[in-house]
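Shown below is the structure under consideration.
Should a chain be cited, it is by its letter among A, B, C and D, assigned in written order, with residues numbered from 1 in that chain.
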Amino acid sequence: MREEQNVHQDRYRQIEQDFENRYGVRTDLAIEAHEVIVRKEGPPELPGVIVKNEETEHALISRVTVENELGAKMIGKRPGNYSTIEAKVLREHNREIHEDIGALLAKEIEWFLDQSGLNEDDPVLIVGLGNWNATPDALGPQVVGNLMVTRHLLELSPPELRKGLRPVAAIAPGVLGLTGIETGEIVTGVVERIGAKAVICIDALASRSVDRLCSTIQISDTGINPGAGVGNKRIPINEETLGIPVIAIGVPTVVHASTIVSDALDLLSGSNPHDNPRNQDVPQRTSINPDPSMIMGGAQGTQQPQFNSIQKQQMINQVLEPFFGTMIVTPKDIDQLIEDVTQVIAGGLNAAFHEGVDYTEIFQYLS
Amino acid sequence: MREEQNVHQDRYRQIEQDFENRYGVRTDLAIEAHEVIVRKEGPPELPGVIVKNEETEHALISRVTVENELGAKMIGKRPGNYSTIEAKVLREHNREIHEDIGALLAKEIEWFLDQSGLNEDDPVLIVGLGNWNATPDALGPQVVGNLMVTRHLLELSPPELRKGLRPVAAIAPGVLGLTGIETGEIVTGVVERIGAKAVICIDALASRSVDRLCSTIQISDTGINPGAGVGNKRIPINEETLGIPVIAIGVPTVVHASTIVSDALDLLSGSNPHDNPRNQDVPQRTSINPDPSMIMGGAQGTQQPQFNSIQKQQMINQVLEPFFGTMIVTPKDIDQLIEDVTQVIAGGLNAAFHEGVDYTEIFQYLS
Amino acid sequence: MREEQNVHQDRYRQIEQDFENRYGVRTDLAIEAHEVIVRKEGPPELPGVIVKNEETEHALISRVTVENELGAKMIGKRPGNYSTIEAKVLREHNREIHEDIGALLAKEIEWFLDQSGLNEDDPVLIVGLGNWNATPDALGPQVVGNLMVTRHLLELSPPELRKGLRPVAAIAPGVLGLTGIETGEIVTGVVERIGAKAVICIDALASRSVDRLCSTIQISDTGINPGAGVGNKRIPINEETLGIPVIAIGVPTVVHASTIVSDALDLLSGSNPHDNPRNQDVPQRTSINPDPSMIMGGAQGTQQPQFNSIQKQQMINQVLEPFFGTMIVTPKDIDQLIEDVTQVIAGGLNAAFHEGVDYTEIFQYLS
Amino acid sequence: MREEQNVHQDRYRQIEQDFENRYGVRTDLAIEAHEVIVRKEGPPELPGVIVKNEETEHALISRVTVENELGAKMIGKRPGNYSTIEAKVLREHNREIHEDIGALLAKEIEWFLDQSGLNEDDPVLIVGLGNWNATPDALGPQVVGNLMVTRHLLELSPPELRKGLRPVAAIAPGVLGLTGIETGEIVTGVVERIGAKAVICIDALASRSVDRLCSTIQISDTGINPGAGVGNKRIPINEETLGIPVIAIGVPTVVHASTIVSDALDLLSGSNPHDNPRNQDVPQRTSINPDPSMIMGGAQGTQQPQFNSIQKQQMINQVLEPFFGTMIVTPKDIDQLIEDVTQVIAGGLNAAFHEGVDYTEIFQYLS
């Protein structure tokens, strides 16, 4: 069975790699993968992939379901559900809006919990991935510091009082460079020890787009995949490796330096790399004065139909790696933004896990 | 066997409790326990307890061995070895002295490693106990942040290159209130997972004496006992519970508020609570002007032979608990002191674990 | 005139010193000074001192006015107004309650602003006193980090838009040990430079009582006095030295170690040091089992009518100074408490200074 | 005279602006400005500009003197001295090397102090510019937290003991967004108040090159210019505005996102943007496999002689501003790098200001 597991792992790694090779894009966000395809190949209907959108006052929620292996191949993501909350307002330092988004997040988490078939008092382990000493990677550990954990309290309570209160535990396992241990090993060890029935991982992601930094939250049931995120987490943490449902909550906090160069090239050549009907508050191409084709090589640029953007991205990565390899792009006020998103996610989790506890009460609990 | 374990645990808990009842003192430091007895009962020779002292330029090293159960009963500590480095200079912000003390610490740790029969390339797990959000309890997590961990690097190296390099891993498991999980459970889970052959715990302790705060380091092979320390760690972490050697490194960072009251009463009644030949830099009683007996009840004070200090301490604790229960006493500059001690302990551990690496190099590695 | 100023300074320093000598108590809180007198001398009416209390759902507000020099001599505080908000609930991590107390604070600050005769668009400088590297002394700098400052924005706005918006500036000048400059010098320099018409100082205070730590806020118009607080601020910051109104907001965050010994002695001898009708949630003496007189010197203790508590306090201080001099007492969770009080004070200031801005909005602004 | 001052300010702002327009480059580093010219225009001799280089074991020191207005026009920097220490080793976490660089820095600072005609016991104010809440902008405040300040101690010493000890004071004035006060106003206020005879500013800079981040230190006597750096400091702090010598120590900690795009374009088109004989550890163009001209527009790229890199940079800035405006590029481990550079600069300043104090002693003082 372990054998078979590895087969699966390898198959999906291959699917992700194929997507990257085809489109020159590596992304943790299903919605970004979907956008890449739509932008490059046309109509948004993909076999085996269902996309549903919902708009709220402050946010756009996209729910992507990858139904089967065909869908996985199309979108470069393993089969499962991916919900994304996009809310530019998350970047404003406004508590009321944060509470709104936190409530939306709670509802999504509840949906995933329902899907996973978890009983209402099954114990859950929340895992804050990342390095608490590196600001943009500290999201996970900071969320853990703001959770209402209950497992130790419920153990001491008489069973009749525990009804409707789920035992919640939490750890911030650190990163390989600080611990010498794969995060997946620590999580497996703790899950076995405490008999957790589901794991929720919180992680800082790398995005393809500066627009998404600290303004997008992805919830998925496909776990954390190797090599994803800001740090270096090579063993996957997912239902296959742990044997219990794994829900991953990810927020893009950095863009790799070489990624923005590619975006910039697209911008300079006149195509908005994140052009899509939603991003209506992003300045449109028409507002740009200089003729971008001049920058990229004049009129001749249009005479190169065979020269595609995928090859371009690959070359860019290869050329820039030695120079920009360890450089990340973040908003100037990343310290404050991480603090704000921490409140939203911790609030959403507290609300989702402690039914019968009122949202207002829960957000009050947070500092 | 698990049964038998518990018998042991209970027996030694009882021995500690008996000591506390007899002397009105609860202390994590063997040296403090020893001082209490000597002060209250006279000559320093106890059956089953060996004490050896060594003086260096900056420090006094005391090595206490509790040989057997008789010794354990005498001193209220379970059988094993306890080394204590006392160095007031630790409180000075002087890097050279810190390196000296770090080297002394490395030597003690090496002695304990030798005693434990560990092979030179057996993997070791270093555990930084405590809460990284509470300054005086953050020592353990901060040390973890400054260690040279090697396990993940050695796993990738060819065996012939690993000679003399020990695989070292480290975690900061958090505290029960933040994680909902007993620290002991997390440690057990990780030890099993990575096959560690020994555990080193770093912990902030409560001391009986403000003099010892951030100036004393205890190394012992008897593990971390329930209820010890600043936080709340109820499951013991020791050789019996983990099945592998456990070396505990502890530094007093707080004194409980009710403890200093007891000290103060002793001071006011004219006896230095920590009077012993070593503390020569502590102001002596003779320099105190007012007649302390006046404060405590005049000349009549001497007429109460039947009223002993143990009962006094117990009453004090009982009376003050509701008022001072959660109050701690620390030096004003505790933030800086914790940082300094972190460097000393991380430096000592790095030196002890990475033989063939030069001390100077190791301390340079630290910031 | 500078000459005359110094005369004043000296006179009031003397008055404070006299009070300390008489009662063995040094306190920054007018309400504590008042309690000391009432407890030791009987009826609460003092000539030249008016005390008015008001109870709200979560807090007790005491407003003490020292009318004249006679009052100043009685209570050991210079003439002026002292409002104190006592709210044990401040120690609970509950945002709604924090907003309530913040609103009470805003109302008090507004009253002081009215008293000071400030015009509604006179510029104000908020000064966060203390050391941002020492947790219990970091209150002032942390508040500054959460303020809505407007001076720079209003300077760029057309005058007609500035109506009702007060120019607010803020600095955290650091402490003498880190800057080499008296805080008063920095404040004077900045006040002159920006033409501030009033100064609001935020400071961490030392209290006499652990009950008051992080649960009491004092607002006064008598400035910050030399030697007060946790750090070392020797030049007074008040209307006399600056030439403009100075409102001081202080919160006790530490108790000096020698102070709690004195309290403990009182507790042990059977008298609650903070006994007063308000503290009804503090366990009463009758619930204490052991006969406290035993601890203090048996039946003979009652035969010492001539031995008073003031002398006792003085002796205690003298005896303990060399041992406990730099030790402070704080709650275990001081890091979290400071964060919470920061939110309350920053919220109160933002509300008080930006009329027409809604409280809810303002508290939302805070993280 | 104030009038004339403004004339000067304006003239040099114009010179800087002209340079930016001509070369499409805005940089705080004289050495970068010089490189831009040499790269674009050929031979390194510029009229009115003297450049002298010195190599040490770990560093390259460049000393640029802008002799007069002609030189200023050539290099886009106001007349004065600019020393730059370039040391890639600064990015290694190695204390011994940090001490070496700190000693080099001390020597440069001493040279500037000599030039300024300061007497050996003239008081000096060190100003740590920047925002302590934003990691890459916190360099200045962090240096202030590690300085040996002496002004308050010397004031209390008898004059005969003060010989050779310079009164050093320090402040971290914060940033406009947090204080509502221009940093220049606070500095002026404090300088007047304490009678400082020189100011040393520490500031985090924006660089053009990721290679220079946290590996380059510039010391100059031309002050801090408006708009420079990470934050927003509009009033210049220099000899003209303060009336006393101002020495600025700057370290690049971020690159603006749009800057790296320009570099990337140069890299992709085959020219190393920082190509110069020194950067021998940077991978050379020849090691890059793909033909970069393909990425930029194929063979046609070479047919555009009239299309120059300056125009390109300007267009890039214009196109990217709305997308990347507030984005910064930093190394992943910026938190640790800032800590390390803090030690180097604080060590260098302590050594430079406290003659007769041994370097080793001073670096020991630092944590």
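Following the convention adopted for this analysis, a residue touches a chain if its C-beta (ideal position, glycine included) is under 8 Å from a C-beta of that chain, and two chains touch if they have at least 3 such contacts.
Since this is a predicted model, take the numbers as computed values, not measurements.
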* Would you mind working out whether subunit B and subunit C touch using mostly the same residue numbers, over half shared, or mostly different ones? => same
* From subunit C, which chain is the farthest off, judged by mean CA positions? -> A
* Structure fact -> Between the Cα centroids of subunit B and subunit D the separation in whole angstrom comes to 46
* **subunit B and subunit C, separation of their C-alpha mean positions in angstrom** => 37
* If you average the Cα atoms of subunit C and of subunit D to get two centres, how far apart are those centres in Å? -> 43
* For subunit C, which residues are shared contacts with two or more other chains? -> 133, 336
* Structure fact -> Note: in the complex, subunit B contacts subunit A through residues 132-133, 144-145, 147, 149-153, 167-174, 176-182, 185-186, 188-190, 192-194
* Sort out for me which residues of subunit C touch subunit B in the complex. => 133-135, 210-211, 213, 230, 255, 257-258, 260-261, 263-265, 267-268, 282-283, 287-290, 292, 294-298, 300-301, 303-304, 307, 312, 315-316, 318-320, 322-324, 326-336
